[in-house]
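Two complexes follow with chain A in common, the first pairing it with chain B and the second with chain C.
Take a look at the complex of A and B:
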C-alpha cells in the first residue's frame, strides 16, 4: 500500500510483460467455467436424484463457484494457502488494473475506482431490467381483465420488478459512490480489503443471471416479499430466486465488512469522525445496518430453498413450521432495508446542498446524530408490517411507537435542508435540482407513511395500492432522485466529462412531473380500495389506472433520455477534469482521471471539515489540475 | 452593515411565516375537502373511525409539509444566483432555537400520533383475538354472529356454526348485529378484507384469527384477498350482502339443507 504512483505512470512501462500475462482470467473465462460447472453439477444431480429442484439447486450452487474460479478470484487465496510467496507490489498493482485499459473493467480488478464504475453499470442494468418490468406491469393495468399478460406472467413480472429495483436501490449509492468516492473522501489509497471489494462486485454480478433463470424455469408468484408457504408450494422458478437472492445478500455483506473496516481504519491523518463528510457517515451507517439485518433475509431464503428442495418444513404448518416465522425473518430485514437505502441518500443530500448554496451544512451534528438514530431505531420497527397478521395486540402499540419515533431523526434531514438553503447563494444546477425533487417527494412519502404506521388507519390501507404509492414516493421519488443527484454530481469525477445539462433538465422535468402524477393517481386508487399486486381490478378504478399507466410510460421516456445522455456524454460530453462544482471534499482535490492510488505523493492531512464555506479557516478549494492518471 | 443584514433576514423570515400560515389555512381546508370526497362512505363504525383518522392526519400533515415547502420554495425563489456563485453565503452552522424547536415539534407530533393511534385501536376492532379479549383493544362482545372464514387458492368460503353449520361462498350478514369472523387458511397466507367495514385480518395456515365488526348499511359489498397468494389472487373475491334481520333468517332457512364438513382450525 505504500507505493506512490506518479501521475502519468502509463508511460514508463516498456518492460516486456511476463509470460503469465499472455493468459489472464476475465469475465469470459468466468462465464465459461461457471456454465460448464453448472451443467456438470446439474447432470450429476439429475442422474442421482431425478428431481428438477435438486438439479436446479446443484446448478445454482456450482455456477458462482465456477464463475469466481474462472474469474481468477481464487488465485491468490490458493497461492497463500499453499504457502507460496506473497504477491509483489508489482503484482498487486497489476491486480488493481494498472495499464490494463478497458479490460480492467472485465477482470477481477481490485482498484476501488474500477469497482465503483462496475457497480454503476450494474445499477444501470438492474434499473433497466426493473424498469422494463414496470412498463409491462403498467401495460397490463391500463385496463381491467389482465388482457396483456397471463396472470402467471404478471405475478412473475411484479415480483421481478420488485427484486430488481430493491437490489438496485440497496447498492445504488453504496456501490458506485461508496466504492469510487468514499475511499478518496477519507484520504485512503484503496479499500481495506481490495480483493473482497472485487469479490463483492462479481458476486453481485453472478446473482443477476441466476435471478433471470426464473424466467426459464417457470417464474414465481410471490412478489418480491417471497412469502412462504406460497414460496414453497412447488414452483421451480422459486429456486432460482432463492439462490439469486442468497448470492446478492452475500455480496452486500462482503461489501459491508469492507466498507466498515475501511472507514474505521483508513481515514487519513486529521480525518476525525467529526470532520467526516456526511456521505461517508451515511454509507458507513447504511452498510453497518445491512450487516445486522441482511443475515435474517439470507436465512429465510436458505430455509425456503431447503423447504422446496429437501422437503424441510420451516414454514409449513402441517410439519410444525409457521408462516409467521417467514414473515418475521423477512421483515426484520425488510424494513431496516428501506433505511439501508435511505441513509446514503440523506448523506448525498447533506453533501450536495452546501456545495450549491456555498454555505456550511446546517446542523451537522444533528444530521449525523439523526442518521445514527435512524440506524438504531430502524431495527425495532419491522412488525408494523404485521399489524393485521395476527400478532398479539399488546405488541402493536410498541411497534407503533418505534415507527413514529423514527420520524424524529428522519425529520432532521429536512432541518438541514431548510437551514442550509436559507440565505444561501443557491446555484440551481442539476445535482441541486434532484435534491429539491427529493425534498418534495420524500415529504409526501414520509407523511403518507404515518397513515401506515398508525394501526387504525393501517388496517384499511395495508395491502392496497396506497402502500405501493407510498413506498414508491420514498424509494423512487426520494432515493432514486438522490441517485440521479449523485450521478450528475460525480459523473465528471468518474469519467472526466459532464453530463449534458440541457438533456439533464429534460430528463429531470419529465421524470419529476410524470412521477408525481402517476403515483398521486395511485394513492387515489389505493384509497378507493384497489389491492396491491393484482393483475386485474374493478372497472370503476380504470380512470386512475389509465392515468398512472400513461404517466409511468412518461417516466420511461425520461429514463431513455437519461440513458442517451450518459452514452453521449461519455464520448462527447463537455470535458470537466477540475473541481467542477467548487466542492471542498477531498475527491475533488485530486486529479481527474484519479491516479491509480488516488494521491500522488503523501496522503493529505485534514485540518477542518469540508463545509467551511464563507469561513476564514476553511479548507482551501484546490482547482485540481487534470492529471494524465492511468488513462 | 450587520444591522441591515439582520433586518433583511428578519424581513425574509416574516414573509415566509406569513406565507406559510396562509398556505396552511387554505391547504388544510382544501385537503380535508378533497379527502372527504375521495374516501368512500363507511358501512360500519370501524370504517367511519378509519376514515376520520385519515382526514385528521391529513389536516395535521399539511401544515408540516407546507412549512418545509414554503421555506425551500422561498429560498430557491429569492436566493437563487445566476450561474455559479462568485462568493460564499453566510457561514451559519446552526441556530440554537431551531435545534431545540425542530425535534421538540417532531416529538410532540409523535406523541399526538401515538395517543390518537392507541385511542383508535380501542375502537377499530381486534387484532386477531376474539372480541372481548385482547385487553383494552378487544372491544365489547354483544352476542355476535360467528362466521368461520376459510381462505384457499383462490376462494373464500363461509360457515355459520350457530345456524346449522352450512357453508357458502356468498357472505350474508344481518344489519346492525355484531359479527365475529374466525379466519383461517387451508394453504398459503391470504388476507381477509371487507373494505366497506374496515375489517382486515390475515388468513394464516394452521392458525385461527379473529376480527369483528357491526355492519350498519344495507347493501352489497365485496370481501377480497389482499395478500398475494398466487395465480388468481386478483380474482379471489366474494360477494357480501348485508340484509335485514328478517331476510337473514329467511336466507338461513333456504341454506339449511346439507351440512358440509369443513377443515376449519386444523
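Take a look at the complex of A and C:
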C-alpha cells in the first residue's frame, strides 16, 4: 500500500542528533575517503612509475571512487552482493530524505526534489566560479598589454571560464528543473531510478574539485575546446581537466538515461505525448541528444588523457594520429551541445509565456516539432566550426546547408512564441521579463550566427571576438536569461517563498543593459579583427574593450544583487504556498512544500493539455490549487 | 490542466513506482538507453581507428617495424565472454527464477567474465609491440582496455546476482529487474567485445 505523507512531510526537521549524523555516509565522509584514496593512489603510482602524469591520473581515478563510496552510493550494490533483502519501505523513505531536514542536501538522498535543489546550488556555484573568472578576464583586457594576469594564467582563466560556464549551462535547466519539476509535471512520484538520480548529481559534484585541481597542477592553455595537439603537449593541468570532464560526462549520461526512462515509463494516466508540457518535451529531447553526442566528447578526452599519460598518438601526426580527428570528435558534441542547452530553454519559454499572457500556447505542434527538428538536424552541423581547418572544400557547402536548415525549426519555435504573445493579456512579472529578454538576445545571437555558418564570412570572422560575442548572445543572452526566468518562476515552488520583485527588477535591468552594451561592443572589437583567447590587443581597440569591461563588471553587480535576493528571500521572502502564477501545469497543483511522494493519495488523471488558458471549458486551476494535490 | 485526483488507486510506495511488471519495463527501457550511450562510445572509439587507418598520415598508422598480433587470442576472449553472456541469457527467458539455477548461472557467468577479462589483459600485455607508439597501437590498446572495462562491469553484475541468488532472495520485482539489468548488460558486453575485436584485429 502506498505511504501517505502529509503536506510538508518531505520538509521535515531533523530528529537524529547531529553528532550521530556525522558518522553516517555524507558529503564529509565522502570527501575524507575520496581524498585518502586519492593520496594513496598517487603515492603508489608515483612509487611505481615516477611519472607526474601517471600520479595525477591515479589520484583523479581514485578520488571519485572513494568519494562515492564514502557518500554511501555503493550501499545498494553491496547489499545485493551480500544477498541482503530489499530495503524496507521505511529505509527507502529515509534514503529519500524523510525527516532529515537540511541534512538531506549533504548526503546521498534519492528524492528528486532534493536532487533538483542540489543541482540548483551546483549551477549557482559553477556560475559564480565562472563569473569570477570572467571578471579576471575583463580586468586583464581593460587595457592592451595589461600585466594583471600573466599570459599563461590568462589562458588558464579563459579556458576555465568557458568550461565552468558550459558545464553550468548544460545542467542549468535539466539539472535543477528537470529533476524537481519534470517528475511532478508528468504525474510521477519520483524518477525512474532514484539512486541513479542521486549518483548523477554526486558524480557531477565530484568533477568540480578535479577541474579545480588544474590550478594546482599548472593550468592549461587550450581554451574550453581543449584542442589537440596543444592539449597533448605536456601540460599536467590538462590531465585534471580531462578527468574532470570525463566525470561530468558520466554524470550527464546517467542523468540522461534516468530522465528519458522516467518520461517514457512514468507518465500518469492520461498524460499522453500530445499532452506533455513543453518543458518535459524539451528536457526529454535535450538529454536524449546529449546521450547520443556526449560519448564522442568522452572519447576525445580519453584519447587526450592517454596521449598525455600513456604516450599514445591519437592526435600526434608523427605517430599516425590527427589533431583534426580531435576537432571532429569535439565538435560532433560541441555544436549539438548548444542545442542540449537551448532546447530546454525553448521548453521553459513555451510553458511560461501562456501563464503570463493568459492564453493557450500558440502552435503547440510547431514548438514540439521545432524542438524535434532541432534535435535531429543538430547532429549534422558540426563541421561548420571547421571551415578554416583545411577540410575538403566539397564538404563546406553541405555543412553550410545543414547549419542554415536548423534555422527553420528554430524559426517555428519563435513563431509560436511570438504568436502566443500576440494579443495576450501580458502580465509583466519577472519570469516573463526574462523570457522576453531571452527572445531579444537569442534573436541577435541567432542572426549573427548566420555569418559564422556561411563559409565566406566565417573565414574572416573565425577566431575573432565576433565569435565570442555571438555565442555569448546565444548562451548567456539566451539560455542564462531563460535560466533566470525558470528560477524566478519555480523558486516559490522549490522553496516556498517568492524572490523579491524589486530586487529582481533591478537585477533584470542591470543585467540586460550591461549585457547588451558589453557584448555589442565586443561585436565591434571582433569585426575590427580582435583575436579571442589572446591576453592583449592593438591599442586602437582600447575604447571598445573598456566599454566591454566596464559593462561586464556591471553584469557582475547584477549577479551580486541576484545572489543577495536569493539568500534574502530564502529567509524573508513572501511566503508562496499556493499556485502563485495561476499555472495549469501539474507541479503547481500540488501543495508547497511538495509532499515527499509529490501526490498524497491518488495520482492525477490528465484529461487535457496544460495550456487551456482563457478557454471556457478549462478547469480554473487557480481556484483549485490549494487542495487539489491532496487526492 | 483538467485533472481528476479522485481515481486510480496507488498501490506503490516510494521505491516501488507501480506493479512488478512496470518496474521490469522501467529497467528494460533504462538498460536499453544505457546500452545506447555505451554503443555511441564504442562507435566513437571504433570509428577513430577506421578514420586513422584511412588517413594513414606519413604511413605512420602502422609502421613497418610493427607486426600485427594474432587475432586468435582475442577471439578466445570474445568466445569466453560470449559464453558468460549465454549463461546470463537464460535468466531472461526464465520467468520463475529459482535459487539453484540462478546461482549456478551467475557463478558460471562470473567465472567466465573474470577469465575473459584476465585473458584480455594478458593479450594486451603480451601483444609484443615495441617501443614507440603508432596510431594503430594506440587504438589497439584503448579498444582492448575498453573490452576489459565492459567485461569487468559484466562480472560485477554477475557478482551482484550471485550474492542475491546465494541467499535465495529472488521473489521481489526489484530482484527480477536487477537480474534483467545484469543479463542485458552481459549480452551487450559480449557484442561490444566482438565489435572491438573485429576492428582491432582487421582494421590495420
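One rule holds in what follows: the second predicted complex is superposed on the first by the 596 of 631 C-alpha atoms of A that agree within 3 Å, B and C clash if a C-alpha of one lies under 4 Å from a C-alpha of the other, contacts with A are read in each partner's own complex, and residues count from 1 in each chain.
Keep this in mind: a residue touches a chain if its C-beta (ideal position, glycine included) is under 8 Å from a C-beta of that chain, and two chains touch if they have at least 3 such contacts.
Only a predicted model underlies this, so the values are computations on that prediction, with no experimental measurement involved.
With both complexes brought onto chain A, simultaneous placement of chain B and chain C is permitted, the two fitting side by side without a clash. By the document's definition of touching, of the two partners only chain B reaches A:440; chain C does not. In the overlay built on the shared chain, the residue A:612 is in contact with chain B and with chain C. Once the two complexes are overlaid on the shared chain, A:418 sits against chain B while remaining clear of chain C. In the superposition on chain A, contact of A:216 is made with neither chain B nor chain C.
By the touch criterion defined above, A:389 lies against chain B but remains apart from chain C after alignment on the C-alpha atoms of chain A. In the superposition on chain A, contact of A:451 is made with chain B only, not with chain C. Once the two complexes are overlaid on the shared chain, A:584 sits against chain C while remaining clear of chain B.
When both complexes are overlaid on chain A, the residue A:317 reaches chain B and chain C alike.
In the overlay built on the shared chain, the residue A:397 is in contact with chain B alone; chain C does not reach it.
For the three-chain arrangement built by superposition, the Cα-centre angle with chain A at its corner and chain B and chain C at its ends equals 100°, in steps of 10. Taking every C-alpha atom of chain B against every C-alpha atom of chain C, the smallest gap after superposition is 7 Å.
When the two complexes are laid over each other on chain A, chain A has residues 317-318, 322, 612 in contact with both chain B and chain C.
For chain A in complex with chain B, the touching residues are 146, 151-152, 155, 221-223, 225, 227, 229-230, 233, 316-318, 322-324, 327, 357-364, 366, 387-394, 396-397, 400-401, 404-405, 407-408, 411-412, 414-415, 417-419, 421-428, 436, 439-440, 443-444, 447, 450-451, 453-457, 459-460, 462-464, 524, 527-529, 531-538, 582, 611-615. Within the complex, the chain A residues that touch chain C are 1-3, 77, 80-87, 89, 92-93, 96, 188-190, 192-194, 196, 253, 256-258, 260-261, 264-266, 268-269, 291-296, 298-299, 302-303, 306-307, 310-314, 317-322, 325, 329, 584-586, 589, 596-597, 599, 601-610, 612, 618-619, 621, 628-631.
Residues 1-15, 17, 22, 25-26, 29-30, 33-34, 36-38, 40-41, 43-45, 48, 51-52, 55-63, 132-139, 141-142, 156, 159-161, 163-167, 169, 172, 174-175, 178 of chain C are the ones that touch chain A when the two sit in their complex. The touching residues of chain B, counted against chain A in their complex, run 9, 12, 38-40, 46-47, 49-50, 53-54, 57, 61, 64-65, 68-69, 71-72, 75-76, 79-81, 83-85, 87-95, 98-99, 102-103, 106-107, 109-110, 113-114, 116-118, 120-121, 123-129, 134-135, 137-138, 187-189, 191, 193, 195, 198-202, 204-207, 209, 222, 224-235.
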